[in-house]
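Structure record follows, encoded as structure tokens.
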Amino acid sequence: MMPSSANIAPARSAAEQRRLHEALRDLFEQRIVFNRLLGLRVESFDPAGPRLSFEMRPDFVGHYQSGRLHGGVISAVLDATGGWSLMCSIAEKFASDDTEQVMHRIARMGTIDLRVDFLRQGIGRRFEASARTTRLGGRIGSVQCQLENESGALIATASAAYVVS
Amino acid sequence: MMPSSANIAPARSAAEQRRLHEALRDLFEQRIVFNRLLGLRVESFDPAGPRLSFEMRPDFVGHYQSGRLHGGVISAVLDATGGWSLMCSIAEKFASDDTEQVMHRIARMGTIDLRVDFLRQGIGRRFEASARTTRLGGRIGSVQCQLENESGALIATASAAYVVS
Amino acid sequence: MMPSSANIAPARSAAEQRRLHEALRDLFEQRIVFNRLLGLRVESFDPAGPRLSFEMRPDFVGHYQSGRLHGGVISAVLDATGGWSLMCSIAEKFASDDTEQVMHRIARMGTIDLRVDFLRQGIGRRFEASARTTRLGGRIGSVQCQLENESGALIATASAAYVVS
Amino acid sequence: MMPSSANIAPARSAAEQRRLHEALRDLFEQRIVFNRLLGLRVESFDPAGPRLSFEMRPDFVGHYQSGRLHGGVISAVLDATGGWSLMCSIAEKFASDDTEQVMHRIARMGTIDLRVDFLRQGIGRRFEASARTTRLGGRIGSVQCQLENESGALIATASAAYVVS
């Protein structure tokens, strides 16, 4: 669905690729302040299967008796996951860009809209979010995401559209 | 669109209505832990125009240089706003229920899905969220919400569906 | 929410405005073939309150016994309504464009995504759809729509995003 | 994700299963009048991978010059596909129900809401829609769908929620 341009464009060197990954991780885990509050961690940079994780925390619950993730935490994580998926796809599509050029492209991304389906109660100790980029055009990117707990129960799915440029 | 049953059912007394409002505010502002983290405050219990507010905080921004609300904060607030709108509509629809009965109905609500449209950058010092209940059936409730800053700029809208029972 | 550029740009003449309206109506009612199949008719070109109508027909029902509009008819009508709202907003925003220039802009529009909330059974003889444009930026347009029957019952709402350029 | 109850409940006989499939096909292809107008055909009853197909027709295009599927056709097909996915899941879940009992359950289904992402131009001669049921609870069913052309290009995806009972 998302043909890589790696076959055409000269790929970046292994050193540059590592530098890009460090820059992406730093942006995503540290500089996006609310992601830090959520404790989001990058698990995979693979554009064919980008992944994030986070741990349950007491202030993530909805009602204090329930012990379940608040819907807002789920929405925030899935929005971030969609963004992460596109960041990985952009890094792959523009395979001859250096780190600064990729980071410049990513800085211009913005979420247009997001739909979240809340399927099961958000119960668990550790959660993993994954995504697939279904479109990366010149102006619009589209992504599908899902959130599972450590037992593999499907807690929520999301669809989102983003401006890219 | 949402005919009140107040004309048919005997309304609760002014004292009971105050007690219900205190219970709803306590649930919404304190017991839903993530709402407390967001600093959400009830501004109106009116089922025809329920309203919430919150103040900007440094850890609500997306990228640390932008000063704009993270999309996840916006989604979380609008999900909470949709829930608040239904709570107010349920309190009105079951006008002869006492506080405990209303709180029992509300405890069984759950978000089915949520769509957020991010329209403008979330810039501001204070934000206000409002909603309208477009359906309150025996099983499903539907709500439309919007978020504005203190200047009245429309930052985001949302549509959501909830299980009620 | 949607400031008109009419104050800045010289408005088109009354004759040109009529010519534009005829071109828009012809495009919308005739050249968009599926709209013709739906029997959609333009009721208002007002960008602050664009409106369409259509009549019930036997092949619009879901199950043959129910007599209710099929969800697909509702989705199709609301997608078309969102597009119509943006056409009217574009005609207003680019007030110094002549008919050909406006039609050229409109030809480049495309729906990014659409959410429909089905609120009540689609029962009626005549339906009216209305909309409001919540954003018309340089690249993205956003719209909220609703469908009512001849008694004013709210049958469905929709939110949609479009590429504009 | 969707454990079958077939292990617990006695499965229906092969003859009853054939009778059920004929009843489902007749409902879906003939009695849902708008599906007949769309020319939808059942390709698979498998709840793990339900599939439908339809052929391009001149009155399905958007603008008469484009030759692309109108967004309304895509939305209508994907709403129908989500419904089809749930019908197949219900038939599997209630494996000891006879045909009449399953058809009775299905008659009470209704779409709550639908999101469609339009990813690529709807160009093709023959289209195939598939789905997966992500939840089938006692009250709510959730489905993800996709539409491809005969070359396997991903044209649109959808998420939808349904009332079941």
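The first chain written gets the first letter, and so on, giving A, B, C and D; residue counts start at 1 in each chain.
What we mean here is this: contacts are C-beta pairs under 8 Å (C-beta built on N, C-alpha and C of every residue); 3 or more make two chains touch, one makes a residue touch a chain.
Keep in mind it's a predicted model, so treat the numbers as computed, not measured.
Participant: Which one, A-C, B-C or C-D, has the same contacts as A-B for more than half of its contact pairs?
Facilitator: Interface equivalent to A-B, from the options A-C, B-C or C-D: C-D.
Participant: Counting C-beta pairs in contact, which chain pair has more, C-D or A-D?
Facilitator: Taking the two pairs in turn, the one with more contacts turns out to be C-D.
Participant: Measuring from the mean C-alpha position of subunit A to the mean C-alpha position of subunit D, what distance in angstrom results?
Facilitator: Spacing between the chain centres: roughly 30 Å.
Participant: Taking each chain's centre as the mean of its CA atoms, how far is subunit B from subunit D in angstrom?
Facilitator: Centre separation, subunit B to subunit D: 34 Å.
Participant: For subunit D, give me the residues that contact two or more of the other chains.
Facilitator: Those would be 112-113, 115, 117, 142, 159, 161.
Participant: Within their complex, state which residues of subunit C touch subunit D.
Facilitator: Residues in contact with subunit D: 27, 31-38, 58-65, 70-73, 75-77, 79-80, 107, 110-118.
Participant: Residue numbers of subunit D touching subunit A in their complex, please.
Facilitator: Listed in rising order, the residues of subunit D that touch subunit A are 1, 115, 117, 119-120, 134-135, 142, 144, 154, 157, 159, 161.
Participant: Enumerate the contact residues on subunit C facing subunit A in the complex.
Facilitator: Touching subunit A: residues 112-113, 115, 139-140, 142, 159, 161, 163, 165 of subunit C.
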